[in-house]
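Below you'll find the structures, each written out as C-alpha cells.
First chain A sits with chain B, and in the next complex the same chain sits with chain C.
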Partner chain A sequence: MSGGVEITVRVAEIEQATASVKRFRLASASGEPLPVFSAGSHVVVSMDDGGHRIRNPYSLIDRAPDGLSYRIGVLRTPNSRGGSIFMHERVSVGSELVITMPVNLFPLIRTGRKHVLVAGGIGVTPIYAMADELRSQNAPYEVHYAMRDEANGAFAAELVERHGDKVRLYRDDAREIIRVEEMLPNQPLGTHLYVCGPEGMINAILAGGRAAGWPVENLHSERFLAPPGGAPFSVALAKAGITAEVGPHQSLLEAIEEAGVDAPYLCRGGACGQCVTTVLSFEGELIHNDHYLTDEEKASGTKIMTCVSRLNGRELVLDL
Partner chain B sequence: MGLQFKTETFRDDFTFSNSPEAIHRFPFPFDSDSYMYSVNIEQHMPGPPKSHVEFPIDIDEHYVAEMQDRAMVLKEDPLRCQALPHMLTAEWDLVELLMESMSKHYPEHFSLTKDGDRWHWVNRPLGIDQRFTFGDTATLPYPPMEYVTRQCQGDFALIDQRNDMLFMDAGMITTQADWSLDFDIGMSWTEWHGPVPLAHDLGIMDRALKFLLNLQQGRPVRRLNWTMTVNPRLDTSPENYHKWGVDRTTVTPENVGDKVHLRVELQALWRLPRSNAIVFSIRCYLIKMSELVTIPKWGRRFPRILKGLPPELAEYKGLTRYRDMTIKYLEQFDDGAPTSPGFFPD
Partner chain C sequence: MTTLSDIKSRPIYAGLKVDDMARRHLVAAEGEGALAVIEAFSRAPDALDRTTILYCPAGSAAMGHDTALADLNPDVFHLAPSPQTLLVRLNVMLSTATMGTRLYATGTEGFIGAVIAAALPFGVDHHSIYTEHRGSLARRVQCVHCKGMTENVTATPFTCSHCGLTLFVRDHYSRRLGAFQGVCVDAEEPGVIPPVEELYK
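Moving on, here comes the complex of A and B:
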C-alpha cells in the first residue's frame, strides 16, 4: 500500500508484438474507467508468484478511448529476476493483476517550443504516449526510434501510421544508427529532448546533447533499473525489531516487504527517491545503484534507496 | 436538506456572519495551546460528517455571496485570473475535478451529465445551465479555469512541474491573504516563498517541495494556514492594500469582538491526471472573535496562542497593531482551565 492507491485489473488481451515483447491490455476489473494519465507515466504491476510478490514498473502506452483499459509492453529479459518471465509465461487472458495509480517521472515539458523524442527498443513505450499527446496538442515534435531489426520493431508500424513523416526509424541490422550530432544542432531554441532506451544509448544521446551545447534542463531521460542482484546479506529493521535475509536475486525492498514491513516506494527503479531510508549502521560496503542520491549522500553512508541498492557485506541496520 | 445560502457582503457594510452551524464546523487550526510552523500536511481524506473536510471541495452557506464578491473583484481587476498558455490542459483537469466533486457531493445544488465529451452542467444556486464540449474552450463563455472557479469557493493556483521544480503558472486568486498572482505568476516555488520568515531556516520549504514533487494522483493532501483580518473582507490583496490596510487602525476595545476575524485557509493539493500539474486550492474561512468565543475551548485556547506568537510571525501576519487589544478581549473568556487536545470543539 505504501506505493499509493491500488487498482485491480484483468488481462483482456495479449499480443506477441515481437519475439521478445508482449503487449498486454489491462482492463479495469470493477468496470469503472481507469484513471486518465499524462504521457510518460508508469504503473507498478504487482504479481503474485505463489505467495512471492514481484512488483515491476511499466510505462503506459495508451488508455482505450472508453477509458476501460491500459496497454503496457513487456520485454522478456534473459536475466530477469522473475517479473518479465512471470508476465510472459504465467500471465494469460483473464489473469488478475494489481497496479498502482499512474505516476509520471518522465513528463513532457509543456513550455517546450518543440519536442524531440528518442526511443530504443522497449524504451518506446513512454515515447509512444508522448508522441500521441503532442499530436493531439498540435505541438511540433519528431520521433526517432531505434530497433534491432524489422521483426523487433513492434511499435514501428503503429508509430508511422500515427505520425507519418515525423517518425524516423533506425535498424541495427541495416547499420542505421541515430546520429546525435546530426539530429541536435539544428533544432530551434527551446526544444526539449526525451530519451528512453538502453543505458548506453541514453548516455550517448545525453552526452551528444551536452556536446551540442544544449542546457541540461532541456535533456530528459527515463531509466528504470532492474534491481541488480548480488551477494546475500541480512538486514535488521531497528523500529520493527525484525531481521531478514536478502537473497542474491532479491532487492532490499522486496526482502523488507516479505518480512511484513510496509516500506515506502513509488517507482521501484531508482529514480523517484520515495524509498530513501536512513542507514543506522552497516558492516561492509553500500552498493548504490540509484540515480537519485547525490554523490555526497552516497558517500556519507547514511542513506540508501531500498528499491535498487544493496550491501556487499554481512549486516545492514535500517531505521525502519 | 440543501444548504441555505445567505445574503451578505464582504465589503462596504460587511454584513457577513456565521450561523451557529457554520461556527461549529469552522476549521479551527490549533490542536494545542501553542503554535509554530510545521509542514503539517496530511492526506486529504473525507473527515467527520458536516465538518469542513467531509467532502474534498467544501461548499457552505456563504457560497452565493462569495461568488458575487469574486465577480465584483474580477470586474475591477481582471488580472486576478491569469493562465499561461501551456496550462490549458491543467485548466480542463480542474474543470473535471471541481464539477465532478461538486455534483457528486451536493446533488441538490449542482448536476453534471456526460455523453462522451459532451457535458451538461447545471448550477442551481447561481442559475447556470451550460452545455459544452470537454476540451473545446470555444464552447464555454470563459476560459475553462475561469469558468469553473467563478462557480467554486476558494482560490485556485495551477502549478506546473518541470525539472524537479514547481511553477505558479495559472490561478484564480480573489480571496487572498496579501499576496498577488499578478506578481507571482511564472515564479518558481523558491521564488514565491521568498518572503516567508523562519520557515526557510527550519528547512521546511525544501522538505515541502520534495514532498510535493512526488505528490501522487488519487492521494490529495491538505494543511491549514491562518492569519487575522480586520473586517470580514475576502479580498485582502496587495492591489487593494489602500482600501484595507487602514482597517487595522480602526479596532477599538468596543468593536474588537465584531471587527477582528480569524482567517483560516484550508489548503489542498491534488495531482492532476492529464497535465501532471498540481492544483493548489486555498479555501478561506472567516470567523469573528465574538463568534469564536461561543466555543469555550477555542475561547480559552486562542488568547494563549496569540500571547505566545513569536514577534516575526505576528509582524508577517500583520496583526501587531491590534494583537494586544484582541488578547485583552479574548482573556475574558479564558478561565485558565486546561484545554483538551485536538482541533474540534468539546
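Moving on, here comes the complex of A and C:
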C-alpha cells in the first residue's frame, strides 16, 4: 500500500471528553506492541463506511506504558466529510480500524534550548504528546492552551495535572486571548515555538512570531486540512490509461483510489508532500489547497497534491 | 567566488542582508567581512541603534576597516584582537541573548564556520544565521585519519600538520567542527601524489 505498513487495531475504550470530542484508545489487534512514536506524530485512520473508504489523519496523544495501545482525540466537525461523524457515531468499543504507521511531520527540534507549545481546541493532541516528551527529557518548556470555554477544554485538567504552572489556559468565554506579543519577548535565544489549532489562530501566532523578530526556522505549525469539495470533474491517468470522475464531495486522491490505482499518499491533509503528482495538462483552473507547494510551484500548473487539491474545470490529466 | 559543489554539505553563503523584523542584530565579522557589514547596514541605518558588532581585523589589520565599522556608530562596537577572543565574547552574548536577535557572520569560511559552530549549542538553527564570505578562500581542514585540525589550508593536497599524511581537501564539510575533511591521497599507492593545486587562496 502507498500509505506504508498498516496496523489493525481494536477500539478498547471511548471517552466522551467534551460534548464534541471523543478520545479513543486503539489497541493492537495482534497483541504485539505498537511502534514507539516521537511526539508530534500522526496516524491515518482508515474507516470502512459500507464499502466507501474514509481516511483521516489524527495526531497521537500517547502510547500506553505497556505499548499495546495508542490514544487519539477526534473532534466532531459539523462540516465533516464523514470521517469524524463516522468515528463519533459508528465506532464503538470492539470496532476494528486500520491505521498507518506513525509519521511525524511536526517534530520537536531537539537542539532547541526552550520550547513554547501553543494549542487551540482539538489542536491540543500533538501538543499534549510534545509536552509529555519534554517533561520526560527535563527540557524547558511552557504550554499555552486556548479553548472555547471550560466545558470544551478537553485536555485542560490533565495538562495542568501533568505540567502544573508550566500550563497557561485561555478561555474564549472569559475573553482570555493568547497575546503572542506578551508570550514571545524575553524568551532565550534558541527557543522554538510550535502551534496547532484553527487556521486563523495558527496564522496569527506565526505572524506574531515574525513580528517579534523570530526567524522562520524557529516557528513550527501543523494543520491538516479536510479536502474541500467543489464542482465535479474528470481525471485521466495517463500511465494507467484510466479516466475517473471526481465527485463534488470526493477528493482527487479518493477518486484515483476508487478507480483502483495505488497512488502515493502519507498525511492526506495537505501537509507532507508525498502525494505530489505531475500534471500533464488540464482544462480549467487548478485549485491548490495544500500547505506544501511553493507559490511558484502552484502557479506553474505542473504539480498538484491529490489529497486536498482539485480542478475547477472539465478534465485533468495526471502522470499516474 | 564560491563555486557550487556536488557535495551537499558544502556551505552556501547567501550574503548579508538586514532582517527588518529583528529586535536586535548581533554581528560577528572578521577581516574583509567588515566591508559586507558596512554595505548591508548602510542600507538599513535605522537598525544600527539595535546592533552589536564584534570585529576582529585578522589578516586585514592594516586596512582600517575597524575605524570604518566604528564610524557606522552601532549601539555596541567591540574590537577583538583575535578570532578566539571574539568567540569568547560572542559566547557570553549568545548565552544571554533573547529571541528576536538575528545573528550575522561574515569573513573567511573558517571564521563563519566557527561562529555557526558556537551558535548551534544555543539552539540556533544554522539556516537562520545570515552569512557572507569575504576574504581568503583558505580552509580549516580536519584530517579524517588523526582528527587533527589544520587552519588556513590554501592548496590540495597538503601535508597534515599533525600526522604528516598527504591529504586531499574535500568539499565534504562538518558544521559541528566548522571544518572541511581531508583524506589521505596516496593510500593505495604510497608516494604517488597528484600535483599540488592552489585552489583556496
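Convention: the second predicted complex is superposed on the first by the 320 of 320 C-alpha atoms of A that agree within 3 Å, B and C clash if a C-alpha of one lies under 4 Å from a C-alpha of the other, contacts with A are read in each partner's own complex, and residues count from 1 in each chain.
Please note the rule applied: a residue touches a chain if its C-beta (ideal position, glycine included) is under 8 Å from a C-beta of that chain, and two chains touch if they have at least 3 such contacts.
Every value quoted in this text rests on a predicted model; they were computed, and no experiment measured them.
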> For the overlay on chain A, clash or fit between chain B and chain C?
Replying inline: clash
> Once the shared chain is lined up, is A:35 touching chain B (first), chain C (second), both, or neither of them?
Replying inline: first
>> Which partner chains sit in contact with A:92 here, chain B, chain C, both or neither? Use first/second/both/neither.
In response: neither
> Which partner does A:294 contact after superposing on A: first (chain B), second (chain C), both, neither?
Replying inline: neither
>> With both complexes overlaid on chain A, does A:217 touch chain B (first), chain C (second), both or neither?
In response: both
> Now for A:185: first (chain B), second (chain C), both, or neither, which partner does it touch?
Replying inline: second
>> On the A-aligned overlay, A:109 touches which partner chain: chain B = first, chain C = second, or both, or neither?
In response: both
>> Under the stated touch criterion, which partner chain does A:101 make contact with: chain B (first), chain C (second), both, or neither?
In response: first
>> Based on the superposition described at the top, state which of 91-99, 217-225, 235-243 or 325-333 belonging to chain B clashes with chain C.
In response: 235-243
> Where on chain A do the contacts with chain B and the contacts with chain C coincide?
Replying inline: 109, 111, 217
> In the complex formed with chain C, which residues of chain A make contact?
Replying inline: 109, 111-114, 184-192, 210-218
> Across the complex, what residues on chain A touch chain B?
Replying inline: 4-5, 35-38, 40-41, 101-104, 107, 109-111, 137, 217, 266, 272-274
>> Under the definition above, what is the set of chain C residues touching chain A in their complex?
In response: 19, 21-24, 94, 97-102, 120, 122-125, 127-128
>> If we count contacts the way the header does, which residues on chain B are in touch with chain A in the complex?
In response: 86-87, 89, 160-163, 210, 214, 216-219, 273-276
